[in-house]
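Two complexes come next, and they have one chain in common, chain A, joined by chain B in the first and chain C in the second.
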Partner chain A sequence: MGALSILVGQEQGHAPVTVFEIEGDIDAATYTELQDKAAEAIEAGAANLLLDLGQVEYMGSAGFRAIHSIANMLNTEQKPGMHKSEHVKLLNPKGEVARVIETLGFDSFLEIYDDRNAAVASF
Partner chain B sequence: MVQVFELSVESDLGNLKAIRSFIKEAGTSLGVDANTVADLCLVVDEAVSNIILHGYADHVGRIDIRVASNRQDLTIRIRDQARKFDADDVETPHLDESLQDRAYGGMGVYLIKKLTDEAEFKPVPGGGNELRLLKRGVVPAK
Partner chain C sequence: MKFEEKKKVLRNCSFLSGLHDSILASLADHSSILDLEAQTPILTKGEDGSNMFFIASGRVKVHDDDVVLAYLGVGDVFGEMAVLDSGVRSASVTTEKRTRLLCLEREDLWHVIAQSPDSLRTIIASVLQRERDIVKDVTTRTAQLQAYEKELEIGRRIQADFLPEYIPEVENWEIASFFEAAREVSGDFFDVFEFGPDGYIALVIGDVCDKGVGAALFMTLFRSLIRATCQLGALNHQIASKASSEDHIRQILQTSIDSTNRYIATTHSKSSMFASVFFGVLETDSGKMIYINAGHESPVIFKRKGDPVILERTGGVLGLFDFARYNIAATKLEKDDLLFSYTDGVNEAKNEAGEQFSDWRILQAGASGWSDVQGLLDNVLSQIKEFRGRAAQSDDITMLAIACLGKSRDKAKSLV
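Moving on, here comes the complex of A and B:
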């Protein structure tokens, strides 16, 4: 396994933003790599995470489980009703990945950007 | 003419990518459009992941996948020798609930049902399970 490559970068929006440039397929064999890398970053102090999915060719429900888990690690304050996460956002999902995001309703709860600067500035 | 594609693999998560490639090659050979092929890769990946993680769990077994065209319809049959699986036991995810309130899991079976015209889970006499998936009208007429 180990088929996922995650390059970690730092950007400055209104707040510091940790950017994960993810490359590879996120499936049941690899999703824990993403989850573990996020837990490691959060443990080290990351409070805002931008997941760049531009090089992800495939993402199944395991990938969404990882993102769900990351969102809950970062969204510690409880807010009633419908709202989008302020601390985890997605960049550049392509093709089937973008379609499945909609099918699973994640677009209602996560902001999705196609421009990295705009995404970073949104934090 | 009926065209058949078959693959038999061990229940190893490391085989998921090869299984998706097999479905992509079979679907593309049959002339199925790219979006439908992508949906079928996802559906089969979800089904096989469930078999490996929850069916066979801590032991290894075989998974047999058969893709067949029947006129304009496409069927995929996935068989295992794992413990009995009942799709009715899997709670449907509440997609309108916030991520904080939403339970983990259930998305795989949801996607399997959502992205196919029929998805029938049934036990195989003598042990194991069979999942039969149907997509209607996706194979172009020759």
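Moving on, here comes the complex of A and C:
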């Protein structure tokens, strides 16, 4: 059972952004760690989350469900005409993770960046 | 802890009940006290053990990794099996809270017992009583398990009703399907049905995330919503204009997918359950097909001659975000073309080395030709089985394929 390591950082875009640097596999055994960490950050006032997937080798359907539940936790009213989540964005998915994101079409729900500064500035 | 207190702990232990006072005194004399904090591992499954423990205060958990087998408290004993038969520990034991134990070494136990045949009889009786308790427990659990299995079997039979009872026979077209669940109930589904008066058929294949009962519940929901919204759309249209048109069919497809997505994304948002779905509507006269691929493995159109056509996704998975958008794409099946759709149980089937069957083996199977549509499914399936070797089937496998044998519209033209 691989545990998840999540390093929490703070950045300032147009609004404050909480960055999770995630390391490990996000699967049925670990997704609750991600969910719990997000709930903790949101409880403490975080309104924007950037999930850095650069060091995630594998993400199963449990990981995608966790991201959805995080988007739900942050959900304020979606502005009309907006077709992507405004408060959760992804940074740097690679390899198999990038492939699954594309297959499931999560790139049509969430903004995905490969540059941290650009990602932060987008919030 | 004084000697008398140790003796009291042993006397309160049902495992030793009936032992003569002098024997208890002797055991108390040889036992040592162990004070442990909460969450301290005491025994580890599989390791050798030479001592047994009596609980004086506190509570421990008997477990196999994450599976808890029992909780033990004051008056209970553990570790006696490995002491009596010199085998390895049969389970792990960890403290639940601050716990005080009396610890007795194997050699000391046998030394004391050797002095009194009566004490041996008492201990054998205790071990046998334990065995009787275990048999009773196993009997109860087996009965419970059988009841659960029966429930699952009922679930499996009901779920089978959510797959099409028959595949419609359509002139000039040949349709075949394959479905095999990895467990009793499944998150995969497919559907084939005719709708509207003008020879349209709907081809649906989907895969709900995860496996087991949760996925199965959502499978019935996705399948029913798609079919019901589609047929309702066709019915509304029939009432309104009495004739089908491409625009209306597009509208029905779009509404069916959009409303299914929105319904689940809003009504069942908390479950975070999603499905990848390919939904194609084929005009059987012309072979024209419009489709939405919502995050599903890309179906392939194999051609007798020429490169296969990949039907890429046109949107993300269904059921998560009510703001998601799904585009419609169009393609056309010509005579002798074969559309092959599948769920990830096919391309992600694993062999013993953990490698995946992958998309290119599917493309190869198509490239090597087929006699008829059933022949292609049989070929892919036998290749998966051969590839998998002795590795177990880990995911549901579903395939749906349709081949064009000719076209009535083309024939009509050739008659002119």
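Criterion: the second predicted complex is superposed on the first by the 116 of 123 C-alpha atoms of A that agree within 3 Å, B and C clash if a C-alpha of one lies under 4 Å from a C-alpha of the other, contacts with A are read in each partner's own complex, and residues count from 1 in each chain.
Going forward, a residue touches a chain if its C-beta (ideal position, glycine included) is under 8 Å from a C-beta of that chain, and two chains touch if they have at least 3 such contacts.
Treat the numbers as computed from the prediction; the structure is a model and nothing was measured.
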{"item": "Clash-or-fit label for the pair chain B, chain C on chain A", "value": "clash"}
{"item": "Chain B versus chain C as contact partner of A:A29, first or second or both or neither", "value": "first"}
{"item": "Partner chain(s) touched by A:G105 [first = chain B, second = chain C, both, neither]", "value": "both"}
{"item": "Chain B versus chain C, judged by how many residues of chain A each one touches", "value": "B"}
{"item": "Chain B versus chain C as contact partner of A:S85, first or second or both or neither", "value": "both"}
{"item": "Touching partner for A:Y58 - first (chain B), second (chain C), both, neither", "value": "first"}
{"item": "Partner chain in contact with A:H14 - chain B first, chain C second, else both or neither", "value": "neither"}
{"item": "Which superposed partner A:S69 touches (first chain B, second chain C, both, neither)", "value": "both"}
{"item": "First (chain B), second (chain C), both or neither touched by A:A3", "value": "first"}
{"item": "Colliding region between chain B and chain C, picked from 21-29, 57-65 or 183-191 after the shared-chain fit", "value": "183-191"}
{"item": "Where chain A meets both chain C and chain B, residue numbers", "value": "61-62, 64-65, 68-69, 71-72, 78, 82-83, 85, 103-106, 108-109"}
{"item": "Residue numbers on chain B that touch chain A, as the complex places them", "value": "13-14, 16-17, 20, 35, 38-39, 41-42, 45-46, 49, 52-53, 93, 95-96, 98-100, 102, 104-105, 107-108, 110-111, 114-115"}
{"item": "Chain A to chain B touching residues, read off their complex", "value": "1, 3, 25, 27-29, 58, 60-62, 64-65, 68-69, 71-72, 75, 78, 81-83, 85, 95-96, 99-100, 103-106, 108-110"}
{"item": "Touching residues on chain A, where the partner in the complex is chain C", "value": "61-62, 64-66, 68-69, 71-72, 78, 82-85, 103-109"}
{"item": "Chain A-facing residues of chain C, complex", "value": "209-210, 269-270, 272-274, 276, 294-295, 297, 313, 315-317, 320-325"}
